[in-house]
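Please find the structures below.
Look at the two complexes coming up: chain A is in both, with chain B in one and chain C in the other.
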Partner chain A sequence: MSVLTLRGAPPERLDLNGITPLALSLLSEAEAARLPVGTSRRGLTLGDCFAIRLDGSADLVIEGGHERLDRVGGGLSEGTIRVEGDVGQRLGEAMAGGELTVSGSAGPFAATAATGGRITIKGDAGEAAGGAIYAAKAGLDGATLVIEGEAGERLGDRMRRGLILANRAGRLTGARMIAGTIAALSVGDHPGYGMRRGTLLLGAHGTLTPTFVETGHHDLVYLRLLARSLSRLSPAHAELARRPLKRYSGDLATLAKGEIWAAA
Partner chain B sequence: MSDLTLNGIPVVDTFAEAFDVAGTAIVVTNDTPKWAMIAATVMTGFATSVIGCGAEAGIDAELSPEETPDGRPGVRILLFGFEPNGLKDQLLKRVGQCILTCPGTACYAGVEGPTKIKLGGAIRYFGDGFAIAKRVTDAEGKARRYWRIPVMDGEFLCEDSVRAVDGAVGGGNLLFLGRTHAETLKVAEIAVEAAKSVPGAILPFPGGIVRSGSKVGGRTKGMMASTNDAYCPTLKGRAASALPPECGVVLEIVIDALTSKAVAESMRAGLHAATEAGAAHGLLAVTAGNYGGNLGRHHYHLRDLLSKASA
Partner chain C sequence: MAAWVKGQEVGLDAAVSAAAALLSSARAPIVAGLNAELSAVRAAFRLAAETGASVDTLGSEGTYAELGALSRGGAMTTTPAETIGRADTVLAVGAAARSAPLIDALRASRPSRGVAAGAERTLLTLDTAGDPAVAVATLRAYAKGHLAGEHPSADIARALFAARFGVILYDPAELGEFGIEMLQALGRDLNESTRVFTLSLGSGSQDRAVVPLSAWTTGQAPRVGFGRGLPEHDPWRFDAARLAASGEADAALWLASLPCERPGWLGRLRTVALLGEGAAAPDVAEIVIAVAVPGEGVGGTLWDEGRAAIAYRPAAGTSALPAAAGVIEAIRRGLASKEAA
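Here is the complex of A and B:
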């Protein structure tokens, strides 16, 4: 596997968009070292910040994470990237395939606009994970995002399709959702605020927005399919889908084709 | 009549002539095997001949909960038509009228193939704008798209599209020449049980058996098909009759399958089972129907089916 080893705390935010196994496999170590990653007039290159060891493989390890590493795995389409440490904002932005794993925590907007592949954050995620960045029409767009720790506010804000799993999440989970599925064992107040379509599967939740209406308990085939699908990613979330659930329909203030399944 | 024999029963050295057709498979599930079977039985009704029914359909297999996408008991249905558009039309009508309407059912694609047929994506309009599309990963990790259509018992879940296969074949057949109706029917029943045990093959006629075998055209103007007079026992003695004097009944089984190999294996299984039971039930001979070999490109020679396993 190829390895990028962080030399030390970056002096500025670094933009690692496009630093993927496929892109690096086409370059020599010297060529890779000249890739610009800085975000100021300092002109930092990949070689300035990382010790580079490439073998042309489809697996890349980034040793030594830092919250200033932005857009790690951005544009990944195949292969794997494993980050040993934390990352900054927009982890896996516009990723289309492959697997991206972060052993630490991620900043805001993780997996925004990601259309495929799987992103796993072992630690916590900042606000609006799977959410839309400012002025963007949509957030997560087909990829799978797994947050094993706690997600911040507005998890999946304006996500369009795909799946997000989180252990816990803050308030406004699934706000303004266009479509897709979010499953979390616990979330804060007002989940699904303004959601048009989409599914929220929740263990515990805070106050519900009054524009959601309870439709009762339903033994729907969809929940069986969802449970089977989740079992590949998280047995705890799959178990949640098999529990007695109460369904709420909403947000009636918008299209009202969304739903919240909450543990009864 | 023939130099060929199998289990002591003469086998005419001829062939069954079969045709390329468009074929698909769906899986219907329900909370109980009983209701899955009810849905499947209704959907495969009036589907004996593509000429008169628009499609030929049958139940391929009963599925255990472990074999279905949603972990409920299910039934795999095969549906065949002349061409993909006709197949699509029949599929939509039959799923719309027989599966959507049946309490508790869900409907999934039952086969992979190159031709996409929109199913749930068309039936969703019954949901009057309240239907929801969901993409869910299946057991193999493949994302599949379903439509959840609100109905009065909850939701009808239907896969967005199913697939039609290349290489489906319709019209494999065997004819059993017997002495009495009861005995020949018994032989045909035994053959049906063996023939339909081959995965991917169905026998669309009532109980798998057809008594009104046909020939192409007829003496009446405009008839596409008419009775197979050469095998009608009441027409024995005429020049065109193919029946020996002692023959009193002829029954036929017709086989459609997703592959040509499945047709051959189904015919082989039926032929062997029929001849094994034939001596005890007055079976005189086994033959097959064809149109001279000019209409269908698939020819299944009975000579090639005499061995237990394919070469």
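Here is the complex of A and C:
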């Protein structure tokens, strides 16, 4: 198990994109220490900010997180990364595989453009977790994102495929969704605003927009399969899928092929 | 001449030297405001590139709401002058649009050219009580025929489809990115059978001129950072208010040769403030340099709201104060000597 230990609070935002077990396995500790991670003119390197211990394994631990650590796990394709602490924006950006776990909270845009693997945030997530960054075509794009705490606004904004689980989430959950599935035990107002396709499974929710219409109660095989799939990740979400649910269709302002399943 | 360092009046050279020292020693400076003539904004970008600073502009909340929607699906836009000259149907979305001065001009005239010349002009308003983006979505659902029945939005949708030259007026900061994206999509739906454009109200600052300048200078929209040498675009990371609040920024240059509201962080962050005549005061920031106001004491290229274009505005009078561009260039030249020292 390779270990990066944060020496102290970073004096500037650090960009850890590409710092993965696979990338580090090809480098000596001295070479890894020279990797640029700073975002100012000071040219900070990995060795300036972290004590580095590498063993070439597929598991990497980052001890001592901080909200200024951006793009942690960015580009991860195999192996595991575990962060003991908080992280900044774009956790696991464009991740394609492997497993990424954060014991603390994450900044905005966690798991943006992630196409594979699993990202778990034990604490809270900032705005637009699983959402698209500025001008990007899509947010989450095939990966699985589990937020055990509270997600901010715009959870899964413009996500294209994949699965997001959250305990609680803010307003505009699933906004502008292209496709995919989001399950949350409670969300704020206007879930699914502008969604084209996709599925929202919600416990409690705030105000629905008038552009979602109720289409009744249904007992579908799909819901039982969804519950079985969710039970591997979260029994509470699986239980939600087994409860009596009302189905809403929308967003009628767009393609209207999306659906909200809400606890009856 | 009016310049102050830590509240004490000094000569321009001393203020410029202090500004160069402050910015050259900073780890993560920000260059913000940019509510000024384009020559000064251009100089500010050069200064940012040399100091590794990040850039943000006044009014960028609305700017990015517009740009986000534009990047997603494009936009059908027109200008205030075209709206007055050609529009037979105008829909005001939101409180700011309903009370815009343009509405009075539209009420007092009728289209004089184009397909609707001589026609009566219909002014409509969309009730946006609550979330304006939701009101726009509801209107679009009626326009698409996905919602049916008697509803004010159904009447508005019918009126827009019947327009020969329709214009939808809105305030980008009020409507937000989601609402604007929905509005532009509504515009696309309407343009399948008629002719409808959108017109966003300006913020009153120079952000619309800064956007193209930033694009031709960096290839990006205004929120760019030069910390790693090349311009990086990141609207979240380089939000000046966030940088100041989080403590990531340790110095700032605030450029506002035109009158505008000042941010709350100006007094808290070590700042060089270039302020137009009348707005400059010793206690506004650590270093304050008064500069000539474009269009008053000095000529300058500015955003023309009516024409929706960048245009030169000649000086109405004279000023003893220097132009902002010259001051910023002097600070930039001073950086080299500070860094060599």
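Assume the second predicted complex is superposed on the first by the 264 of 264 C-alpha atoms of A that agree within 3 Å, B and C clash if a C-alpha of one lies under 4 Å from a C-alpha of the other, contacts with A are read in each partner's own complex, and residues count from 1 in each chain.
The rule we apply is simple: a contact is a pair of C-beta atoms (placed from the backbone, for glycine too) under 8 Å apart; a residue touches a chain by one contact, two chains touch by 3 or more.
Just so we're clear, the structure is a prediction, and the values are computed from it rather than from any experiment.
Novice: After the chain A overlay, clash or fit between chain B and chain C?
Specialist: fit
Novice: For A:41, is the partner it touches chain B (first), chain C (second), both, or none of the two (neither)?
Specialist: After superposing on A, A:41 lies in contact with chain C but is clear of chain B.
Novice: May I ask you to decide whether A:204 touches chain B, chain C, both, or neither, giving the answer as first, second, both or neither?
Specialist: neither
Novice: Rounding to a multiple of 10°, what is the angle at chain A's Cα centre between the Cα centres of chain B and chain C in the superposition?
Specialist: In the superposed model, the angle at chain A is 130 degrees.
Novice: By the touch definition at the top of the document, which applies to A:134: first (chain B), second (chain C), both, or neither?
Specialist: Touch partner of A:134: chain C, not chain B.
Novice: In the superposed model, which partner reaches more residues of chain A, chain B or chain C?
Specialist: More residues of chain A are touched by C.
Novice: Please work out whether A:193 is in contact with chain B alone, chain C alone, both, or neither, and reply first, second, both or neither.
Specialist: second
Novice: Where does A:229 make contact in the superposed view: on chain B (first), on chain C (second), on both, or on neither?
Specialist: first
Novice: Which holds for A:89: it touches chain B only (first), chain C only (second), both, or neither?
Specialist: second
Novice: With both complexes placed on chain A, how many Å separate the closest C-alpha atoms of chain B and chain C?
Specialist: Checking C-alpha atoms only, chain B sits 14 Å from chain C at its nearest point.
Novice: Intersection of chain A residues contacting chain B with those contacting chain C?
Specialist: Comparing the two interfaces on chain A, one with chain B and one with chain C, no residues are shared.
Novice: Show which residues of chain B lie in contact with chain A when the two form their complex.
Specialist: The touching residues are 29, 69-72, 106, 130, 132-139, 141, 146, 148, 154-155, 157.
Novice: Under the definition above, what is the set of chain A residues touching chain C in their complex?
Specialist: 11-13, 38-42, 68, 70, 89, 108-109, 133-135, 172, 175-176, 189-190, 193-194, 209-211, 251-254, 256
Novice: Which chain A residues qualify as touching chain B in the complex?
Specialist: Listed in rising order, the residues of chain A that touch chain B are 142, 161, 163, 179, 181, 197, 199, 218-222, 224-226, 228-229, 232, 257, 259.
Novice: Going by the contact rule set out above, which residues of chain C touch chain A in the complex?
Specialist: So the residues of chain C touching chain A come out as 27-28, 51-52, 64, 67-68, 71-72, 131, 133-134, 136-138, 140-141, 144, 146-147, 178, 181-182, 185, 225, 227-229, 233-237, 248.
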